[in-house]
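There are two complexes below, and they share chain A, which is joined by chain B in the first and by chain C in the second.
Right, the complex of A and B next:
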């Protein structure tokens, strides 16, 4: 029995174990990895990807994707920074929240109500938002003009009780999202739609509405992430969110949420995203250039998807 | 070869599936230039037998002799190359490919570099089509042809591969009268050229029109082979049924109340038309018909999964024309769907979550779920229906068909509906679970529910129902109760074309 449990556990979390060992290695070979300062750095970094990943987790559990979050992050960060100068921080935040919800709603309409393929719709949205960002900014970088004295700095730069505020926002969002996912009727519907869409329809669930709202959540948490990002950087380039969609997806898969839909959870996502954050950090500390993380993302995605599929069908190869 | 040589001889074919002997020592033979009918009720083993012959299944015992020599069939392509061709009930063509590509699917002519020889493919196809007098070209896309022409494509396959045995499985199910006449001409032509034909059908008039002999299957065993000219519809029907009824069925005591549901002239394009019936509380209404008759589509329309083009649905005297499933559930309509794995259950979820899925608001306050309430209901039904699981969270994927079906029932019973529709409630489940589901149906009706039972199994639908409607080609073709509620009447009702 125990042996069976162990193999099941290894199969499901084998990748996490492997990375755990890697991190232990990093901790032993560098002086800086196991320092409070380094931890806080990683957590600040992770809170942005993690925030997005929380929303995307809802989408992934319905058995779908959201690849638009990377350029959505870019677009919304450019908006929040620029509007800070034009309309003030409060209105900037409101605009960005509305923006995230509207973009999510457009994805949700096309995918949930019209039934278009999620991969294509969100990939197209990625392109659309890239273009829209450049229209808005005219290609120039944007910066917060009075960066030294604005309360907007609170979201990305401040500490509360010694913990970075972005991390607090992140943890708070995670608690709420986890409650919604595991304890509410909406959460149950998300799992049901991902587990078996036809059976959900036969159970009276409005599957289209469920999918629609999952994308809205994805847009909303990306908006929150954009606020943290803008506040932390106090500026935005037109490429600031590039590649985030895959980092987020890699973290979600690494945590053990199945891309096939129907299973997963917020805490798993947080575990995956945090682990990925520490891996990237570890690689930097070992002296590798920052772009090595993109190679690692490839490894994570391929292995995690393979292991997930292999476990489900009981065969390693097709 | 002379007339009357035996082309194909099956001997002692036995095939078992877990818990069922689908074929039990089946023997039959087909001669040159003859049409052999294969008849039997649903589940008698006809399709299994044909799949063995076409290489889709392997028999555990028995031999297949082809032109006097023992033969092994490894795959459908293998069967085709050896001269045996099965024309499925649902055609097995790729709509996006051309006629020629479909005919030679899996056996496209190639040159020594492995490249497709298009010209050769087209020429060979043209010859086959000409031989059959087809009015379409090798390059036509199959998806654009009518069903009857698609069937001709399959028959052209027989021509192209020079098949000696052609098996038709319910070939006229979706043909018009004209197209049927044409098909019969083609079969006549194949016969005159010395081919052996196996013709599977439920339609007695067709069988008596074109076949030479009839082999009858029942419960996986051959009940005999008759010469068509020397037998009658009655004799064949009796041989197909041949079992005592009413021995293990519980039928609810008759104590009917008001009409719960009435539908009036309900029609949906291409699925069913002008369907009218009503069901009272306390009544079990049976709906019999062959697969494709439109039974499931009608009840899915009542439940709101599909939309009707015209007609009325009247619930307790009030018209509800286009309910959504959620509204239907709210009214007290429950549908136990045909396919429990695809439509009935979320397989990755446990029993608790599956049971409560249609009634989440019932188990929640301000959208927050109460696990305690869920568990209470789960335990109540797990005990009442005697469902074997290791616990409320065990994924239902791991359970047997019978236990899965009980969870689907629990899912719909826990909200105390007024009408429960059961679509093939005992398909593919063991005998024990079957009879407990029959008992449950009787109990529900006695408690005052209106019940609609759809079944392709005649003994079941006759045994549990107070009244049985027969459906064929999307229409109600007969209503039987009391003395008239017999297998003979149902068969004759659905086999009129």
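Right, the complex of A and C next:
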């Protein structure tokens, strides 16, 4: 009986165990890993990816994609940094929030209301926003001019009660998002649309509106991430967010949210993103070059999803 | 008497146009740039366009096969980079053609690996190939160590300098492969089965089609073709950058979808794909000839893609209304 429980447990959480073993291994071989400073560093690093991933989780649970978040992050970071110089930090933040909502709304309009394919629409948006970024910046890097004395530095660089502010914003957003997803009508509708779109339509849910608002949330959290990013770097290159859409999706998948929609959760996404963050951190501390983590990510994603799928279906092979 | 005749005469043309509207679009773009730039409609330029389009084009052939199956392959750009790095990096130790063969083999092997994982695990191809897109790029960096590899013997870069009139060997390989795979799609058992797998996988399985084998073969072809594109690119450039082919999978998907191939599977031909690839290439080339800045190109591409999707959406709405 006990043995059966153990195998079931291993099957369900095998990946977590493997992750634990990896962490223990890194902790034993390096002195720096198991320190408060390092943990806070990791959390600070994952907070940007994590913020975006929270919004994208809503989209993914409706059974759709948002591949535009990477170039959206670039665009909005360039805007926030440049507008900081032009119209001050407060207005810069307002502009970026509006920007994120508008871009999300365009995605949501095309995908939710017109019913176009999400993959292609957000790919087109990716390309469009890359162009818009270059148009805005003229190809040059932008920098915050008075980086030493601006309260804008608070979002990316400051600590509050010994915890980095970006991490606090991340945790707070996660709590709010988790509440919205699990305890509100809108959240239940997100799950319903992803689970069975036709059924939710017949039960009176305005699926188009639900999808629309999911994309707006994705745009909004990306805008918040852009503020953190701009504040942390105090500048922006035209490629600063490149590839973030992939990391975000990898984290969401790793957490166990199904790309088919209808299942998932904020805490799963955070788990996935944090795991990626620790894998990256651990491999770097062990002295591997940064690109080794990509190889590890590949293996981990396939194993994680395969174990999850295998456990659900009760056998390893399809 | 004449009216029904007229309808039956026009109907197939209309149907063909509804399915291949990309070629109408292609002619419009082509005509517009011919009028707008004096440098566009020259043999030299068009020959260049065809050569430039060949790389995305070869990737798009494999992507079309995979999409007809109802799957997607996001890893083609990374596979291209690995094949090109191996073809150049191994030359000094094992000779040119063995190195090219190794590059080709890496693509075939990675394609087969993707296909096998997808078929055996039942994980969606989007996830499997997204993982591969990240991981294979890691392999490329591990092999090249962040620096671009360069050929030591520059006669390697002269191989693609074979021309048949205005047609470069690269363009010929692209068109040849497109014809070959269109023939496979329409006239072989594998091709017919690929459509039925994409159209209705349960029905295909019940009809006795080996669904898994069909998918594995198509992913293997897709990986192999990505390697072919990578090797041709390495010959053209003489170097292999670790970041080569980055986000080319997106351009490839854009070209294929622009052509009218559906992501849902079971629908599409390589004529559509060639149309999409050439339209994209002509647009890029034309915009550059008009010396528009790079950002306009990116914005126009995004806008055109959305428009193509809207057009397809409404056209398929019309044809759906007609049949029902």
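The definition used in the following text is that the second predicted complex is superposed on the first by the 282 of 318 C-alpha atoms of A that agree within 3 Å, B and C clash if a C-alpha of one lies under 4 Å from a C-alpha of the other, contacts with A are read in each partner's own complex, and residues count from 1 in each chain.
Assume a contact is a pair of C-beta atoms (placed from the backbone, for glycine too) under 8 Å apart; a residue touches a chain by one contact, two chains touch by 3 or more.
Predicted, not measured: the structure shown is a model, and the values here were computed from it.
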After superposition on the shared chain, which partner residues are touched by A:262: those of chain B (first), chain C (second), both, or neither?
first
Touching partner for A:196 - first (chain B), second (chain C), both, neither:
first
Identify the partner contact of A:218: answer first if only chain B is touched, second if only chain C is, both if each is, neither if none is.
neither
Mind working out whether A:274 is in touch with chain B, chain C, both or neither, as first, second, both or neither?
neither
Classify the contacts of A:57 with the two partner chains as first (chain B alone), second (chain C alone), both, or neither.
neither
Chain B or chain C, by number of chain A residues touched:
C
Should A:178 be classified as contacting the first partner (chain B), the second (chain C), both, or neither?
neither
Applying the touch criterion given at the start, work out whether A:205 contacts chain B, chain C, both or neither, answering first, second, both or neither.
first
Report for A:299: first if it touches chain B alone, second if chain C alone, otherwise both or neither.
second
Residues of chain B that touch chain A when the two form their complex:
303, 305, 324-326, 328-329, 335, 337, 342-349, 353, 357-358, 360-361, 364, 367-369, 411
Contact set on chain C toward chain A in their complex:
72, 117, 119-124, 126-128, 130-139, 141-142, 146, 250, 253-254, 257, 263, 293-303, 305-306, 309-310, 313
Contact residues on chain A for chain B in the complex?
183-189, 191-192, 195-196, 198-206, 262-263
Chain C touches which residues of chain A in the complex?
110, 114-117, 119-121, 123-135, 139, 246, 249-250, 253, 259-260, 289, 291-299, 301-302, 305-306, 309-310, 313, 317-318
